[in-house]
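Okay, handing you the structure first.
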């Protein structure tokens, strides 16, 4: 049965597997000090236009969020996120495990609003009891958001400006970064993103890698001096760091990362139009690789034995928000098969 | 230049790479709920003779130690380890990060002594102020130890008996488990180990995998009910859990795990004999894949431009303990080359 | 200048100071094992009608909340509270410091709604991704709430029933417990409260003591076996535990705790009527010792040089919610003086 | 029965009780912002000769150690202490609870040795794997030590110099500071101590207060900017901060703190000579208020029904190290009574 459940259903992009095979018997030092990591870091710096950026490879998203946030905050500081933010909902309390509160603002289709952020901060700093409260020292946003939506360049710039005013760090969770940058609605480039935040990560797991996220501090002085030790302390240091270096080296060779992403977005737009043709409404008008059609119970019943997808949220009247995701691995044959099912709904 | 620095210098055993390639485009659920993990778990259960054992796959050693220890201890409890134990020295405080004290006992070539453990516990429980102290609720041992040495079956059984008496858990760190079980000095089988402890892990990273450690609770009721969530909270849950399942499925097919291990031990014994032939002494008489010859400054100078190895510890008189490690990947050609250098010392 | 800022502006009730003086030179063991703590525990048990209740004395409110919650939750579990709950807002992240998430529900004048709690839990347990989320294992309510309001017996019983259904603990923060129980609107007795929750504390600091909160586990088997050690680990164990024992012994002798509370409530009702007579509206119709009149800027300007009170929240139109609190220490003379100022507004 | 068990067996010095009574009905702000704390801070600054020192009042010793250490260390950093240090043994893991490792050095009658400290640091920084280890960022010493012994001025200066060289903080636990400074063997004044460390605390609980420890940062820029919030987060902020301010104001009026301490030391020297006259040996030659005579089983049996004292450590041959402590509260009558028992041994 074909699956559009998520963008991590398959293994790795073939170019990654090839590179793993090709380099397999080369002896290299551990813990990220190998030639493959060094090469990948250089390629990422070039892609960013930031020759002195600090880049570190971690294994997974929750781990990366938890390690970065804990490394950049003092013990009594907290991080602001949308109510629907991954760190606020789906990380099993990993941020709190490291001692920090996730302070939530309303989510607007997965995004926080700069005006509301500013109002919240004004309120906090004007409160006579602020010293009895968790100090907000970082803003966390996801790009794309958990609902597949995108911040515009102006929206991120506005948030950044507020962060500067209040001496807060801006952290961008890029678990699906490629799918955001490759969207036709995106008005932002990778180098521009690097200018607009203090730290972000380039998601590998969901964009063609077996695992791996590349944490980037565009300005080297922003990176915590002891970040290597902090990674180790968080259980996030791979002995065979090469596994991550090789994968990101492949992803940043010959434009692969963006090629993968563009291809997935093209396929997502085809999925979107399949539902549109049938007049099926969407929960959110997503410009990225996750699509959220609202299906009736009978539509779900009709599809569920032929194709896998996720029930995202139940709605009144026996309708449900569903999620269909494409990825680097989605094939035209899978799309054709899906189309045949949808057209018969 | 050839390297005997460690047992994680190369990628993965070819059988693993093959299996990754073969399964690459199969769509599977995430987070360890895929068919590959299920198959690997069954094979591990069979190898243990424990059909109902609970098995979980994590990514790396420090992460595994930290997650298992935190999951099995209450907040105020601590874990007893040798002074030289990995969790006591080389995990950047990962155990303390999760709130638990590592209580250290003297290490005897990397091992704790059952008699000293018992005396310590008697002293603790006889102390009028014990309620003001960290409560010892687990014993952690490494098999093989950080010095390559092995506990005998009787030694582990004695420790287990003490754990039972004091209602403590026994946790065996098996980062190099295969190299221990395959040693000619080992009087213990994998099923016997499973009988002798509450939880242990089968190291993958250092025994042929790209990454991965298989945590085993031989008796299912010993596993924390919420272990999945705890893994996630610790940043140790892979979205593409298949990466771990596929590797362990390969390692536990056709006896690969033990074949790899036996081969590495055979090569380590050849390394050992190279130094013995030259009358070079050893820091510790290690029966496993790590050998610790004591070299003079001139011997080190002679070798260091031709072969990589680790300086383990400086000794008086300009001598140093060094470490030469073999692995699944060590070739006869590398051994021949090493022999030519050593014979010329 | 007289102050109605809070209920902890003075030292201790004279009966407490007397008892401290009277017992001062008696030698007693430390850490709560003294005769005064034993006597206070017996008196509290009698007041509860729970002869086997476990009672522990801690120093302050945030400390008590943090210690109790951490002691009763496993590492990956969280606690549900109202958005306005003290643990969610004014404890500087003490709960997160111990690793636990505070999950917030809407506050209705400071209270959570049983129906909303149940809906939230149904939603959580029906969510396919619940294992990726913080597990809700406790409900925290304040009695009175941070807005001075009270749950009725039926409301607490409904919450308790839901807790039972979902195997969650119910924890009642009684920092101002006396002022709640003494309110004319309260339909609950202390023994009834003890029947309706798993753990609660009897606030001393705000009800006549220099410091001190009495944590009560009405059913002894509910108390964590190692609670003494956990108190110590949380820095909450007093060497001179007698300081707490003596104070609670005084508070629970001759009905002092409830006498103090009733007297403060009577005075609060007089304050309330002063504002009512002037037609001044209230933010919340509080039946306890905290009153929240809404004052205009000119009213605040007129009062602020003669009497101290708190600005609670700014409202549109230059109006503010203010807080006037009474306590055991409020005198008739202070009330007369306040009345003269209010009547001239 | 008279007790020499510890120095916290009674309530408070009468001057403290008087001041509590005298100030009881004065209305004051909470959380340490009252006039009494302000006055106490000024008096402490004067006593130190440090007019701009930052001073904070916390409640108890373990709490103070945990809050100061966590506030001054980054998440991945640890603190070095003697094996017998209070934070290493008798704080139920409070330091680890906040995420930090206590790294232990051998204790020499309770003290660390500057030479051993330096050697340890050289070894650490020379170790190729130091980034995989907890980073030592603070040295903790107790003055007097847990065995009643004292560092000389030169010994502390040597440790300080090493701390400066390695950019580490020096923290002095002064739970019994007065008894150290008042010892005839002490060659250090309070202002000199303030010059020699980055942070220390002046113990109140064991030197005449009901509770309370005064944390001092002699140089204001050393104090963490958010220390108030960190105190709150650690559950260490008293609502009625006046309780601490009033006590330290009394202790630092008219030389009370040192008078109390000198008197206790004089009494301890009398206790010492009682045992010396009988030829009873000591475990340690303590110059402070804790004396550690080694008693035989029959001596203990003879004393134990007439006087309370602590069994500190069992020795071979049915002998035990015992502890007899004096304090501000010890009376001549108690000493006479003790002498009559000892002289009959």
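Which chain is which? They are A, B, C and D, in the order written, and residues in each are numbered from 1.
The rule is simple: a contact is a pair of C-beta atoms (placed from the backbone, for glycine too) under 8 Å apart; a residue touches a chain by one contact, two chains touch by 3 or more.
The structure presented is a predicted model; accordingly, all values stated were derived computationally and were not measured.
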Greatest separation from chain C - chain, by CA centre:
B
Given over half shared residue numbers means same and under half means different, the chain C/chain D interface is same
Which rotation angle, from 0 to 180°, best lines up the CA atoms of chain B with chain C, given as a multiple of 5?
180
How many Å are there between the centre of chain A and the centre of chain D, using C-alpha atoms for each centre?
50
Averaged-CA centre spacing for the pair chain D and chain C, given as whole angstrom:
33
Could you state the distance in Å from the CA-based centre of chain A to that of chain C?
42
If a residue has to touch 2 or more other chains to count, which residues of chain B qualify?
75-76, 91-93, 97-99, 131-133, 229-230, 232-233
Residues of chain A touching chain C in the complex
75-76, 78, 89-93, 96-97, 99-102, 128-129, 131-134, 310-311
What residues of chain A sit close enough to touch chain B in their complex?
2-3, 5-6, 8-12, 14, 17, 20-21, 23-30, 59-64, 66-67, 91-94, 97-98, 205-206, 210-211, 229-230, 232-240, 242-243, 308, 329
Touching chain A in the complex: which residues of chain D?
70-71, 74-76, 98-99, 131-133, 135, 226, 228-230, 232-233
